[in-house]
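The structure appears right after this line, and notes come after that.
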Amino acid sequence: MSTPILAARGLVVAYSGRTAVDRVDLNVRHAELVALVGPNGAGKSSLLAALAGLGPHTGSVLRCGCTGAQPTPGIAYVPQSPDLRTAFPLSAAQVVATGSLDARRWWRRPDAAQRAAAADAMERLDVADLAHRPFADLSGGQARRVLLARALAQGPKLLLLDEPHAGLDVEAATTLNTALAALAQAGTAVLASVHDLDLVRGAFTRTIVLDRRILADGPTSELLPAVGSLAPWLVA
Amino acid sequence: MSTPILAARGLVVAYSGRTAVDRVDLNVRHAELVALVGPNGAGKSSLLAALAGLGPHTGSVLRCGCTGAQPTPGIAYVPQSPDLRTAFPLSAAQVVATGSLDARRWWRRPDAAQRAAAADAMERLDVADLAHRPFADLSGGQARRVLLARALAQGPKLLLLDEPHAGLDVEAATTLNTALAALAQAGTAVLASVHDLDLVRGAFTRTIVLDRRILADGPTSELLPAVGSLAPWLVA
Amino acid sequence: GLDTLRVAASFYPVQFLAERIAGDTAHVIGLTPPGQEPHSLTLTGPDLAALRESGVVLYIGNGLQADVEKAVSVLPGDVRVAELLQTAGLDLLPADPGTEEHHDAADAEHDDHNHGATDPHFWLDPARYATAARAVADELTAADPGNADAYAANLQALTVDLEALDAELEDGLALCAGDTLVVAHSAFGYFTDRYRLTQVGIAGLSPDDEPDARTLADITQTAQAAGVGTVFFEEALPPKLAQGVAEAVGADVAALETAEFVPADGDYLDLMRANGRSVQAGLDCK
Amino acid sequence: MSEALHWLLGPFAHDFMQHAAISCLALGIAAPIAGIWATHRRMVYLTDAMSHAVLAGVAAASLLGGSLLLGGLGSAAVMAVVVALLVARSRLAEDSAIGIAGQGLFALGVIGVSLGSDPRALSHALFGNPLTVTATDLALQAGLAALVLGTVVLFLPVLTATTFDAGHARSLGVKTTVLDVGLVLALGLVVVVGMTTVGVLMVVVLCIAPAAGAGLVARTLAGTLATAVGLGTAASLGGLLAAYHLALPAGPVIAVAAVLLVAVCALPRLAVRTHRPAPEGAPA
Amino acid sequence: MSEALHWLLGPFAHDFMQHAAISCLALGIAAPIAGIWATHRRMVYLTDAMSHAVLAGVAAASLLGGSLLLGGLGSAAVMAVVVALLVARSRLAEDSAIGIAGQGLFALGVIGVSLGSDPRALSHALFGNPLTVTATDLALQAGLAALVLGTVVLFLPVLTATTFDAGHARSLGVKTTVLDVGLVLALGLVVVVGMTTVGVLMVVVLCIAPAAGAGLVARTLAGTLATAVGLGTAASLGGLLAAYHLALPAGPVIAVAAVLLVAVCALPRLAVRTHRPAPEGAPA
């Protein structure tokens, strides 16, 4: 197999005494579709934030082949509940366009390829018709899909998604899974926390079961049928 | 049947030109468990806010038998994404205790019955062990469950819940459905927006399909099997 | 010695009188230190302790130094307190409503530069200043009768100095081509009253009473009509307004002192002589 | 009496220092207790802006010949209603509404002053100094402290609930706008009483800094309230003493002391910062 | 020349009015363009507090004998870094951090002034008046307007992205703290240049009010920027003219004009309020 696009070793996230993520070792490779499952409070959000380079942690994380603590271009991260200033008057399309911001050249406008990628991402997540609506006016699910489209528009090598299906209607959740599958086909790796096992089965080839530590990690088809003994809460 | 606990007639929610909810007529009676399903942007949140007396709307709404535009004690409403000041240092138990606030007598502390109801609600939603944790430290799903416990602690006649299952793990979602069923047994009416049809089947006796207008309204067991023809997006 | 009379003086014009009359006999404390803007003075703990240990406190009221007035109002009864604007025979001028009208305070914290309903700047007239000097001598004598002779002698010397200054100014300003004194703020009412000149203040009694646009236009016209050749600014104030007026009427600018600050060198008498020379040059006097 | 003890207690032999100490205690309690709610309701700016807005009321009172203190309170009331209206009704952000209302009233005040009110009375009413408090001032401040403390203890349930989740309180039928206006009025009262007795700088900082410092170290509501009062009284008494020995104006020194205490409270976080995701993602 | 035309243009026969008009135009453009970012980033208070903090730098410069303008800018820089540090590193709310840093610096400034700096120099540096702008001031303001406009247009992508979602920008590797400090410095520049040329009240209001008013009526970013500039220039030129004819001080009248324009922008919302859930749930 190729070198991992993401490699964590001995990753620990601790909040004033409480250990939320305990010594996690983890590899994610090109084109992998990985679901992260675990109960509320299992540490999924803490882990994803740390992997994105935004959360407090100890241990080593290698991203896109390069080490270093900083966030890395090539990774797109969508947190569980982003802190947005929705009063700032951007349309949905303008929000998606911020995905092509250059971390160093702050004056760069999106070029033609980036504009095309943004339009394509909105098509894939079925929010093209919302393009000119003010973002602040969108419903919960619509807003979430626009933020996911922004992540897709970044053309990332690795997508870190924290409960991307939450709040999406059934059709939208399926659309999202289809879009993720297409991305993986093109080589992008995806690591997403998911609660609904049907959605895991529908799209993710590999599953990691987390409850502070990693309880299981393997192909979804092998792992899920046997998960009841390992993590009874998953099949309650 | 008894007089409805909630009755809406010709309810319309319009945002500068866009009609989000169009002439909805709706009755909810004691002990009913009603699921509100519909795609993203269908107007579910707009409708629930209007029914709670907090959203802009035209048309008439009768709550708990009494008319008037004001929010009514006896109704508990949990919005899709509440705007919280989590920096304010309350523990989870203190948050649940705010459910017994008296709208008129601002100095009233919870009495023994209210304290018991709060503890009971936390038990039912399986967050009793989080009671003394700072609310700000909770994970997304934990926080949501505490807010639902606060609504339960109000001892409402009518519960209006906007996507209460979103972000809950499988076990917690089941626990919530069990708690709602127990409330209904005791006479409380529940109206909740839900995306996952499995969860609808699991607990809700009646289903309303909304897409700006009400497309269907009937017993879940009759309605869901036939819903494919009516609302193809529901079974995508 | 321990029983030396202690005199507290609120700011420079008061402090100068107190120091001259006390001489070596009494000990004078100036509450407003050199370099301090008198109007925004905030008293400190040691200041208040000093006030309480004083035999006499001398100040000028009318809102000129609000903190001093408040501190004085809570002093124990055994401290003699004298407000110099109350001096009999001072012949105070009313605050001219025409110049009182316009303010432009930039910030509340610095907005308390206001002198009240009568014009407090009496010290710019040596004759009225001499009247206040007698009141100061009376206060010191009443508090410390044992040294009455010393105070009387010091008063005598000071009066001679002030009379000489007055005569000098009178002489120098007797025959002038112009009689209109355009000044940065209307502090020179007593000065122009004494020497039969006309004051045109750009700002009002308080330097914060900056003129509005129409008043500024009027002032410019008045100055032009009077053929003013020099506009006087104060070093304590932003020079822009005075410079603007001077430019508009094609006049020069020159400095004039209000003697409100402890001078870096020299004293009141030197400042006033310099003012005399400045006005002489500006009004083209013989 | 030892050296150190004399340093600590000697200054309080003066009656003005005794008065100042009582005054500092009263405001060191009242201001942080009121300020807690300001810091958590994004009203810090309001506390500050209030001191500007008060000029309008004082100028109006002086033009109309009314009581200046009442005038100041009146403009605090106008400010409260305008801000509540702008925020609740027009979707304006809190800070914008406060800036606009505060600076607008201040501008009116400046214009009012320029219309020829009695400047002497104005400057007397506007600024205080803890060292020159009178017996009346002390009574006023003690009353204020009792009022603020009593009100906060009495209305703790509704204050807690609306501060944490105003939307939920509204869904229960609580008239949050009424509460907001009441709270702003209470803050206005603290600011007006404080500015006329101990000075604007000291009262504004005592409203903000101890509450913010407490928020940094305390993890519970009770702890936050207690810590804020502790920091407030420590800063005001400590600052008073330091100002005496350094021969500096007491109000600003107390303000600096309060700010220094916040810095001390922030130190552990500045050093370890475990809690919030590190902004640049450096490992902890 | 007709009556009306004379009313409009007559005052500008005076060259001080011409200077004032150019100056009002320059600040009517620069301040709102900078203020847009302040209003959306909860930095309104910062704009205001900056004017207090500047006193510390001016006092220090005057004590040490340095340039007062540079001193003012220096304290704006200190303010920027302290606020950014407090917010990013210690989880302090923006407004608390601003209040503490601003009032703390102001208190230091007051103490510095009381230590006997040169009061003449201080008042020279601290306050301006639109009627006294000099040719140098005009050049400074024109340069400022060009700089602000150019910077905002150049950096629009990063400003937009970080204002809307700072966390996302950080996840892309953007050093948002650097940007924050830069933005606060730019605001500090506007405030310092503005306060020394046209006065603090006018410049602070011109930063806040037009931007807030634009936020109420415009629905797009481009529209918001254009509306803010329109409101800013309208308020400053209209206020200047009104002040002339009413014989009132220009700075405060311009401030009141800007606030009135916001009120006009808020009127439709106050009347119909369709957008945000009605606070007390009354049907629309």
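Going by the order they are written in, the chains are A, B, C, D and E; count residues from 1 in each one.
Methods note: a contact is a pair of C-beta atoms (placed from the backbone, for glycine too) under 8 Å apart; a residue touches a chain by one contact, two chains touch by 3 or more.
Model, not experiment: these values are computed from the prediction.
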In the contact graph of chains, the distance from chain A to chain C in steps is 2
Specify, for the interface formed by the sequence copies chain A and chain B, whether it is same or different in terms of residue numbers shared by both sides, with half as the dividing line. same
Looking only at C-beta pairs that count as contacts, which pair of chains has more of them, B-D or C-D? C-D
How many angstrom lie between the CA centroids of chain C and chain E, rounded to a whole number? 37
Between chain C and chain B, distance of the C-alpha-averaged centres to the nearest whole Å: 75
Separation of mean Cα positions, chain B and chain A [Å, integer]: 29
For chain A, give me the residues that contact two or more of the other chains. 15, 52-54, 70-71, 87
Multi-chain contacts only, two chains or more: what residues does chain E have there? 40, 91, 93, 110, 114, 170, 175, 201, 215, 248-249, 251-252, 273, 275-276, 280-281
Please set out, as single numbers or ranges, the residues of chain C touching at least two other chains. 42, 44, 102-104, 109, 212
Over in the complex, which chain E residues touch chain A? Could you list them? 40-41, 154-155, 157-158, 160-161, 163-175, 179, 215, 218-221, 223-224
In the complex, the residues of chain C that touch chain D are 42-49, 52, 62-63, 66-67, 69-71, 73-74, 76, 97, 100-105, 108-109, 111-112, 114-117, 206, 209, 212
Touching residues of chain D toward chain E in the complex: what are they? 39-40, 42-45, 47-49, 85-86, 88-93, 95-100, 102-104, 106-108, 110-111, 114, 170, 175-177, 201, 204-205, 208-209, 211-212, 215-216, 248-249, 251-253, 255-256, 259, 262, 266, 269-270, 273, 275-276, 279-281
Complex contact set, residues of chain A against chain B: 15, 18, 38-42, 45, 80-81, 137-142, 145, 163, 166-175, 195-198, 233-236
Quick check: in the complex, which residue numbers of chain C touch chain E? 33-37, 40, 42, 44, 102-104, 106-107, 109-110, 207, 210-217, 220, 235-241, 243-244, 248, 261
